[in-house]
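Please find one structure pasted underneath; my questions will follow.
Chain nomenclature is as follows: A, B, C and D, assigned in order of appearance, with residue numbering initiated at 1 for each chain independently.
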């Protein structure tokens, strides 16, 4: 089942996406954020909490102060290592606890600081590379079933109940498990610490929670003879830190969108643009597949109307990811089956959109999100809408398939909801496995006309954004009907201009290694 | 979505079906049955019960005795009318009650008997024609929604609960309501009388029950502004009588298969062949669409394996119906979605079969039966299997669509089961309304290869049956793995050879009117 | 884990999903009626997640709620008939060794029930889900009387043919017709004086071993039964008791 | 038809469908545990139509059963807020005539809840399902404070802006977070001394008017609410009481 697509339009759209992202890249290159710097600390092994349960990376940053921070946190940690011979993580803790005065390092020459950190940078990257290699080895030994890869969420708020749920889901056929974060975590400017049991609508993303889930899934992977992937969320105020933690704990995927936080969480756009870049560099190097959030356009607005925005956003997200050095194979662009069940031929519309993305982003592991908006308390009807979504996915060869829950409108999934949902996907995908291969779309038919129209309108949208500039377009409400000011929103205070001597050793290492080849 | 079909094979299959049915037709032409004769009585208005709750038609036949019966019951009723000037129905009752001695009519000349009945025959046919005209008028005034026509069953055992259920179903979108008969009714050699409230797994088919349902559905039809059809079952020991009652009470469809009773109820084959012919003549004239029972091949055996048998049976049923003078537009050939849900690409197999029937019997109002055999107590899974069935139906343009019930493996439908089931069909058929039109099947693909194979194997099966003879083939277990002896099974005692002066005025009238033109 | 209680997403939460129809047009009061009804059943945290008219005078509801009820597993005395671990050959060998003669088995779908697929699955050579039917066993002589067999005919057949085990099937259960027929059969065998020497087995999708024993049967087999499970039971019973 | 009881296919049959998970591997004993559990809940004619393992240590069941419980419709005191029959113009006219000034309304999605679609549906011009939102009414001055608004901020805003009616939304209900936030808001308004002069309205998919009144709110609106229903309620309350 192939759509006949005008390749010239696609090429033009990609060109426009480059033009849109280019000026933002210039901003990114000259700025850093608190979270980027905290991520650097975490990569050096900084962890734990100090007074008031505040995380060490946050406390250390405070002690360094905004003036010195303009040179990058590495500058000061490096100086400490050069002076004391201690480990970078010890420096961070000592700073956090006030046992070390950063002013005393002002005189350590830049070159000494850099030299002192060099082995630690190599060590940190080596650790991540090892995790990545470990994933490769496991995947080879415990091969996954072919895509669409069935993905479910756990969200009890309690990491231990989540673990039970995740293992049960894996046994029931899940190939990817995502732990949904507690409401509000994306808006807090630090990463909580330790195992947590009290979240609302989700469970806190902490490094210990990552570890607990990874261990449980590794365990069940061995038992089932197939590797079960683990996913969490990066987008938010701590994108780079979560990317760092995920790299260290061998998560396999991360929700990571270049604009989600801005549009849907009122996070400052400059903050997000800088954060997403460094976090994606890390994702790229650690072999983590990102999942972008185009589905969010459809949960608040009409799917038919927003379809061009989804496609436009996919082009932009792709471009941002490529610029962070990510290979296509790790760019999980998002889409969702949010079509109105009352719309005649709605299924054909959804098919058009899904197939369009499939052909345009042929090498990307597309992420296909289930119906949510039109799900109601009628679980029987909901199960059917999910079935049509499952059918669309298998027909269009989506890669990452989030299983819809019949109880979507009621509660975060019960254990049995997940089992029923996986059964739904497995059944539909089995009984119609090769349907997509067995048919052709009629030229000029409903599907083809719809796809053409979406592509044309996405192009027009990209053209408008390119003319106006991305930040200005967002300010004008071009995306998701939401208006955000370039200097408004949460986390703006954590954005700063890089000083002339700014230094981020990981950025340098990853950039000079030619990330896409490292990651390839 | 068109299959490329070898038309020569189809033509050859039709030729074989003619060759198969031809010798059976010769048998039919020279025989009659008790039920045919009772149907004649009913057409003349005979009704009610006598002693022991035995129906008047049965009692009358008994009194006439087998020797006289060889001339046909009309001969004696006609004689009575000629002699007494009373109505035919009075004759029947008088005979039944022993108030009249049939021997006293022996001397009434055949011609007098025939002449006396002529106006009553015209009257009876006029009454049926009026019912048919009434249907036409209502359908024009209260148009149905376009096919697939959603068809549900009611089966509480109690005609009044059934009525409640039927009206509720109509409101929920049903376009056809069938009242399922009580277990065992097809094996009793009379038609029960009056309104009934005690059936098992279904409700007795009685003329009064027909009336009650027809009135309720006429009522709701007016209210909804669309005509709701009523269906019941003919196949069994009383096919012709039920056809007569259905004609009089304006049922719109009847289950009427040329072999179902033989194979699945162990009814004598000669009995069934003769009965189906006259009942179909009546169905044809009364504008009733028949539903054949090919689905039954699939409830006991494997759907993939039995597919050719289904197609072969469709050809045979078609030929029998055409010979009874039925127009294509009233021949609702059966098929069912009984594909194993665990079979990879099972949906594609079902699609192939459904589309094959659609193209071969292009003018027939195909009847598509839902999943039953693979339904389990898991109502959630069952609802999904029904959804895939609904999808197949709308993609292949089936006409009469029996809605599957999520509780199929549990109980005869609850009121809510029907509502959920109709919602399922309406949703799937709306969201994928034109999918079938929007795609082409890949040449040499799974669907096309499957269809080819089924057609080829059906041809081979028909060839074997044509060589062996239909009765002998059934005796040899060719259909549904069931072996039935030509003179075995229930109701054989009710088959008799027509005497030289045999007379069935309705048969004559319908045949000479050139039924298919009458009915056209 | 004992006592056990339904599990939603947290141990002990008691979560249950319910759906039902009320003979009412939908309104907010109908939603509240649904809520109260479920509360009156003893559930807590009752949430009516769906309520709507499905026809005039009828509304359908989907409800989630917590039950305080739990069951004590230790008190559940279900002897599993279905775990035996014997192969066909082992079962035949058992009969040969311990019974010393072929066992005579009669099966039928009784009353007006015509659903033979289930009993055929147990009896026919071919069997069910790759498990051979009783006809294939060397030490069983099987009579499959088919469908719609009256209990009188079955009892007579058993008497006249020295049947060791009767296998009665009932698939139609509407209005308790299965219970009626099963009961009639066992009473008739009792009256005929052959109940004692006959192993009486009931089967069908709604049958459980517990229900069968309540009906005075020696065993009952429900949905998903494999022929070998029935074969093993018969063989073991005859090798132990007779 | 009173009292009412669930309807399967016959009036009074009390049929209910249930499904739940037990923390047990499947076995015949697990089926029986499911049956006993439902029987202990007070149901009769319990039929376990499905039971199977869905993961190690967990089994899923589908059960049909009859309940003896019924509810007395007459005793259900639900005043429907949602049937008013007033058009937008009529509501505006009512406020003009009986209140004589514009009503000031503040809406927010409180706590950490970011689900604004529901409250937006009520407030935004555009409205919901073809029914205009409160912003479109001439006699309402609407402040939509958006999402993740702390109850403190909302209370302060109400005080400082002479708000007549507060519309608080909660969509996330997990672990009772909605109840906590709603309660905190009403307590804060009480403490601030502005509860009396403010009409306090709760909304969200799980809200009912009954629950809202239990929480000390003036009204509660649940799934499917139309803006005009809320508008009519506000207008009527202010024309009656103040």
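What we mean here is this: a residue touches a chain if its C-beta (ideal position, glycine included) is under 8 Å from a C-beta of that chain, and two chains touch if they have at least 3 such contacts.
Owing to the predicted nature of the structure, the values given are computational and were not obtained by experimental measurement.
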Distance-maximising chain from subunit D - centres being C-alpha averages: B
Result of counting contacting C-beta pairs for B-C and B-D, higher pair: B-C
Computed distance of Cα centres, subunit D from subunit B, in Å: 51
Gap in Å, rounded to a whole number, between the CA centres of subunit D and subunit C: 43
Centre-of-Cα separation between subunit B and subunit A, whole angstrom: 60
Rounded Å distance, subunit B centre to subunit C centre (Cα mean): 34
For subunit D, residues contacting two or more additional chains: 7-8, 11, 15, 17, 19-21, 47, 58
Where subunit A touches two or more other chains, by residue: 376-377, 380, 409, 411-412, 414-416, 420
Contact footprint of subunit B on subunit C as seen in their complex: 19-21, 54-58, 60, 112-114, 116-117, 148, 172-175, 177, 205, 223
Partner subunit C, residues of subunit A touching it in the complex: 156, 158, 161, 165, 376-380, 407, 409-416
Subunit C partner contacts - residues on subunit B that touch it in the complex: 157, 167-169, 171-172, 183-184, 187, 200-201, 264-265, 299-300, 376-377, 409, 411-412, 414-416, 419-420
Residue ranges of subunit C in contact with subunit A within the complex: 7-11, 15, 17, 19, 47-52, 62, 64
Touch list for subunit B against partner subunit A, complex: 1, 339, 341-348, 380-381, 383-385, 387-388, 391, 406, 420, 423-424, 427-428, 430-435, 437-442, 445-447
